[in-house]
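Here chain A shows up in two complexes: once beside chain B, once beside chain C.
This part shows the complex of A and B:
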């Protein structure tokens, strides 16, 4: 059964008689433990799909099923789905220590043993325990993103939504964080729904990818199609060609 | 090439870059903040003045040379420097120094009460208003506007007139007129952080509105509010003095600085020291709070904190 099943999803933002259709009639389905990519240029609605799943964007049509059931509400939802944000400089509370940031989800859900779990979580994302009482401004971008990943995993969700998790990082750090995510997915059997504008990242991470343009789905590609440049549509091909040289490098 | 020698003892424990417990980390942070404020000479001067006020109020019965209320008409209107009466006596023969010393208790009482009521109220209203937005914001902000539009002293006067004169009512009146600026500051700060990713992240973890406001938004507003409190303290002392001056605050014979100035004003030209000495005390304490507030701004404002 599909872990995430989205049928005919539309998201429309309304303000003062103005309508913006950010997402129109998009359907996709992600199997359990699969890694699924959404790719497209800025404003193509890919991040909006993630926000719609989190309930942060107004769904005007369509349905979203998680594990075959409608979106759970409130705390049940946070036990199942968590998100890693794009900008690690903005996603950690600047006045909370790493310890506070990581123990907060446990406190919210009233889970015991936060001391040991925080230390374990830091270890899992490859940070030394000495970082526990530091503030975000004492960490580098890559280290912050590791903390953000650790925070998303504190509640042991089954699904991780990744909103361009490495686009704010430089190339070498990017690879480290992507490898970390791949390792965690393998270890914990996570399902990824990942947004990126970079086909090289998608190629490294995802089993299947949906190409989007202007809020609509253009084409779905399997990894083999991507590697052999078997695209049906012109837009997907041009997107592929734009990052083709970097795709070759990683091979 | 040589590594820094490891610090020993409690200092080493405080400045340990890798604290081992939450308590140690918290104390270490406080210690670093203290080191930062200690480098600021003017802030330390302000802190010294405020500390002096605290000590004076605490030790008033021990250090006051005379009883502040007992009258002795044979020794009235003595000039400063008279043996036994360092700052002179007033028109009832009471020692001005002793009255200032005892009056510091009243001043401190007013400051403390206003400091724990007005900013808390303002912070609550401001963060709730900014966080929820929409009609909640509209209602609360219009309420704030209404309170802000009143001249502070007039509103305080009206409240005291209704509730009756007295120190507690004066404090209540000051607190009720002092919260709107805090609400404004807190709301402005809230608006800048409420759509940030870290708030979205904690919301995604299932946190309640109360937890988000108290645990995540208030800490971001706190520095600017604390700074405003210390900067406003001077104004609070002056308003309390003003109410005392108008006879609506502390009632005689209880010594209070504003009321002492008020009682002494008819002697201003012949016996200048009677209103001047309490005036100097108000000036000194206001200055102390202002300097401290300036220093705190440097320590608490995250934008000016050293990286």
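This part shows the complex of A and C:
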């Protein structure tokens, strides 16, 4: 059964008589333990889909099923689904220590053993235990993103929603974080729904990818089709051709 | 022909409470009418190197150099008045993010014509005509509308093109572009690059292209300087980047995922070598 099943999803923002259709009639289905990518340019609605799953965007039509059931609410939802945001400089509380950031989900859910779990979580993402007592500004961008990933995993969710998790990082640090995400997915059997504007990153991380433009799904590609440039639509092809990775070969 | 810009042993130092921090540590290069790329990670000093050429580093930052000469002007001894005559007019700079680099409460037309009217004393109509031509040169389709727009009404790609147009109006001899495309989508990025490329070729401008993206720089530039911790670790012709010798350059190249590449863990930059240690060449 599909872990994430989205049918005919539309998201419409309304303000002062304006209507913006950020997502229009998008359907996708992600199997358990699969890694699925959403790719497109800014304004294509890819991040809005993640936000709609989290209940952070106004869904105007369609349905979202998680593990075959309608979206759970409140704490039951955060047990199953967690999100990692793009900018690790903005997504961690600047005045909370790493220890407080990581133990807060446990406190909210009334789970015991927070001390050992925090140390373990830091170790899992490759950070030394002493980092517990630091503040976000004392960490580099890559270290902060590791903390954000550790926090998302504190409640042992089944699904991680990744919104451009490495686009604020240097190429060398990006490689470390992508490797970490892949290792965690293999170890824990996680399901990934990942958004990126970088086709090469999506190709490295995902089994299937949905190309989006102007809020609509353009084309779904399996990994082999992407690698061999077997795309059907002109837009998917232009995105492929413009990818920095290709630029070098066509030189 | 003597080079357009010559920099020898450039150092940028910030005096902090815990002692001086050197952001750039002895960088030397020269530039003709060509496209020079400067690549490195954040904190490698690439932006500081670019800003030093315009002496745009505020205290507590200090610039030192044995020699820094632009087309006969000694940039180290030039007075502030001489520098102001060079900035914009002879040496232009395109900043990274149009969201933060354009004036949010001034429409595009006023921003584009401000320099023309103040510095060159052009009339309103002449300045407007030049601004329109500049917007057309960066392939903005309806320049009249953009002239009356405010920055928040423009998309990222449009804003970036407006900034490039602004820098090109005085027809500088040298353009320093600091990550001019990193805020843009890939398809827009390709467009902006081809605009820059044509301008460099048609006008015979010198270009310093600062970026963290090695692949982009390799495709776009003639020559690449790779910086690490404030030093140039390797200088290489862009076409030969794949044969780079320095472990840092190789590491930067290899850690990028590739479409159709292996799914195995990406190689991670190994900083244990002697080159990565502080204070070594």
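We take it that the second predicted complex is superposed on the first by the 244 of 251 C-alpha atoms of A that agree within 3 Å, B and C clash if a C-alpha of one lies under 4 Å from a C-alpha of the other, contacts with A are read in each partner's own complex, and residues count from 1 in each chain.
Here is the rule we go by: a residue touches a chain if its C-beta (ideal position, glycine included) is under 8 Å from a C-beta of that chain, and two chains touch if they have at least 3 such contacts.
None of these values were measured; they are calculated from a predicted model.
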item: Contacts of A:15 with chain B and chain C, given as first, second, both or neither; value: neither
item: Touching partner for A:170 - first (chain B), second (chain C), both, neither; value: second
item: Which superposed partner A:74 touches (first chain B, second chain C, both, neither); value: first
item: Partner chain(s) touched by A:151 [first = chain B, second = chain C, both, neither]; value: first
item: Partner chain(s) touched by A:182 [first = chain B, second = chain C, both, neither]; value: second
item: Touched partner set for A:228, first chain B, second chain C, both or neither; value: second
item: Residues of chain C touching chain A in the complex; value: 41-42, 155-156, 185-190, 212-216, 218-219, 239, 251-252, 255-261, 263, 265-269
item: Residue ranges of chain A in contact with chain B within the complex; value: 54, 56, 74-75, 77-79, 82-83, 85-87, 90-97, 99, 104-105, 108-109, 130, 132-133, 137, 148, 151, 155
item: Residues of chain B that touch chain A when the two form their complex; value: 17-19, 22, 24-25, 28, 196-198, 200-202, 204-208, 211, 215-216, 219-220, 302, 307
item: Footprint of chain C on chain A - complex, ascending; value: 41-43, 141, 170-176, 178-179, 182-183, 197-201, 203-205, 226-228, 238-240, 242-248, 251
